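This is the structure I want to talk about, given as structure tokens.
Chain nomenclature is as follows: A, B and C, assigned in order of appearance, with residue numbering initiated at 1 for each chain independently.
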Amino acid sequence: MIAKVLLFLWIAAALAAGFLWAPLVPGLGATTRVLYFHIPAAWITVVALGWSMVHSVLYLRSRRLEHDDHAAAAAELGLLFCVVATVSGAMWAKAVWHSYWNWDPRETSIFFLLLIYAAYLALRSSIENDERRARLSAVYSAIAFVTVPFLIFVVPRIYFSLHPDTIINPSGKIEMDPRIRLGFFAMLIGFTGLFAWILRLKVRLVRIERRTAERATA
Amino acid sequence: MPTRGSSFTVAVWAILRKEWRTEWRTRHGLNASLLFALTTLTAVSFAVGRLGDRTDLMGGLLWIVLLFGSLASLSHAFVREVEGRTLTFLRLVATPAAIGFGKLLFNLAFVLLLELVTVPMFLVLMGGPPPDWPPFLGLLALGGLALASTSTLVGAIVSQTRGRAALFAGVSLPLLLPVMAATVSGTRAQWQHGSIRSEVELLAGFTAAVLGASVLLYDHLWND
Amino acid sequence: MSSGEAAPGPAASRGAAPGRVHAAAAGAVAEPVGVPPRTGPDRTVAAGAPAFRIRASSLAHRYAPGRGLEAIDFAIASPGLIAVTGPNGSGKSTLLRIVAGLLEPSAGRCEVEIDGALLPPAARRARCGFAAPELAFYDELTVGENLEFAAEASGAVDAVARVDAALDRVGLPGRRRDRVAALSSGMKQRLRLAFAILHAPPLLLLDEPESHLDTDGREVLTQLLATQRASGLVLLATNDEREWRRADQRIELHGRGLGDPA
């Protein structure tokens, strides 16, 4: 309970700092503010995917359904954050480059992740038996894990890029005004907390549903 | 029981021969895929006309036609086993990895056959300059291998669901996007006499990664 | 994949009693490996028969909430004919599939040891023959092609000879060139039996082998069982009392049948 309240206060404070206190980036103007949402959302998309994939592999090795619960819950959340990242990115693109979508490598990557999430969830929804669903979606998750690096890292070498040098670039240097940086990292942490909290809730929910189903037929 | 050779290759070879034999007796998959590719080709040609020197577009269209032809039939290899209920029989005579690789080789032969029929027709219908054959054929071969390896694994997954063929296209597409990006870009490059080196590297790396993962993953596919 | 030790199995958590093993006739429940097989009143055992040890500990499998094979323990340590009986839905087929290595149980473990070699699930198919109602063959291929494929894929060099021998034993020699689609259900059942004995396995797992068989077919089955139980092991899942009356040992599965009230 306390943690929930603290989380909300934290995010509220980070937002306030970002909108009221931190300056704007010179080239981006008012659109700077999107980075408090767009990049944390993209970050969580990747974290959620990683969490889901790790638990898929853990499921294959241990055959314990708890891992599948995590994989599925993380994927659903990841899809949500991915939509947020994609849409906020498109809005930003329209404001700055006057075009919603360009198949720029970053745009392509986030869209690709959207497709992976959607395919994974579509696959899950087509299997009723829970053991089979866990197993097959874990195998799919594993093969998706293998192909993801190719689209995220290798394809950009083939196409040129419009995207501003992002935080996630290989040189790793973060060139941001310290006040922006503070708000930004605070939002990053806030989003991560939000993800972790909702994930726990979802996993608990699935377990309760399963136990209820078992008791109902016992 | 007396055995010969590596049991894996023996099993893969036996499965490959069996696949061809069963396919040849009915020709369902073959017909479906060729028909689909030709229909798509016709539609594209009708809509776009002769492309002449638009070599930037030709690669994309060619690979769309090949992709659709493949998606129409590469799931067939496993769906047929599930619908004929022969999966138990297959699992009792060969290891999961041998089943996977036997089907993979079959799907690869299938894709190459599809390319053999579709590509000449495409080139004739679209007009345009002749391709630079060595890189062009190399891309067709490597791209075909990447398509086949990914599709076989996804086909094995999807054959056990209720969606089956309908789900197959949607579920395999995200995984095939890197392949499409590389083949389209490479095909364009060879028409414009550029280097296809990075595309070939991507395709080779991708295929190696998928095949490597497959070796580990096929064992988990069937458990009933 | 290894099956882990049983946690409180699905049966225990639902408060139902785990399945019990009933040993009928002269079978003992547990014997150490290496003890020579005993001869009972109903059978003689051939010399040189392999040593068997199949053991299930808290073996259970859940295929849906509240449905499945309930926890069972048993041990088999000698050649012979073991019957697996129980109401519909109690998991007879599931048990056979677990022993064959086709299915990993969701709880408990099942160990299969032949001639002192512990066989992990992936290695079992080479040493056991399996026949069940859901086993189907390729309709477009002939009887001979199906069996030759099976023999070749399993690595046999004398596939044609093996197939001939198996077809003779089940009484289908004239059917070699017939497509499977053209066979009657009785002949398909004999084909399943031919497949099961194709590589002369020491362990036979038969799920309702008597189904669809006519009088001649039953005679074939009786012969097969007699030969196999003398020097090998047969696990026979059946609802037919005539079949399990002849068994040396019986594993009885309890559990909610599909028709039982919840």
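Criterion: a contact is a pair of C-beta atoms (placed from the backbone, for glycine too) under 8 Å apart; a residue touches a chain by one contact, two chains touch by 3 or more.
All figures in this text were calculated on a predicted structure; none of them were measured in a lab.
Traced through touching neighbours, the fewest hops from subunit A to subunit C number 1. The chain occupying the central position, as judged from C-alpha centroids, is B.
Relative to the C-alpha centre of subunit A, the farthest chain centre belongs to C.
Measuring from the averaged C-alpha position of subunit A to that of subunit C gives a distance of 49 Å. Separating the centre of subunit B from that of subunit C, both taken as means of CA atoms, is a distance of 38 Å.
Remark: subunit A and subunit B have CA centroids separated by 31 Å (rounded to whole angstrom).
Multi-chain contact residues of subunit B (touching two or more other chains): 220, 223-224.
Each of residues 1, 63, 104 in subunit C touches at least two other chains. Counting partner chains per residue, subunit A has residues 131 touching two or more of them.
Considering their complex, residues 60, 112, 115-116, 118-119, 122-123, 126-128, 131-132, 135-136, 138-140, 142-144, 146-147, 150-151, 154-155, 157-159 of subunit A touch subunit B. Residues of subunit B touching subunit A in their complex: 150, 153-154, 157-158, 160-163, 167, 170-171, 173-175, 177-178, 181-182, 185, 198-199, 202, 205-206, 209-210, 212-214, 216-217, 220-221, 223-224. Within the complex formed with subunit C, the subunit B residues making contact are 1-5, 7, 10-11, 14-15, 17-18, 21-22, 25-26, 84-86, 88-89, 91-95, 98, 219-220, 222-224. Interface residues of subunit C facing subunit B in the complex, by the touch rule stated above, are 1, 63, 97, 100, 102-104, 122, 125-126, 130, 132, 134-141, 145-146, 149-150, 152-158, 195, 199-200. Considering their complex, residues 61-63, 129-131, 210, 213-218 of subunit A touch subunit C.
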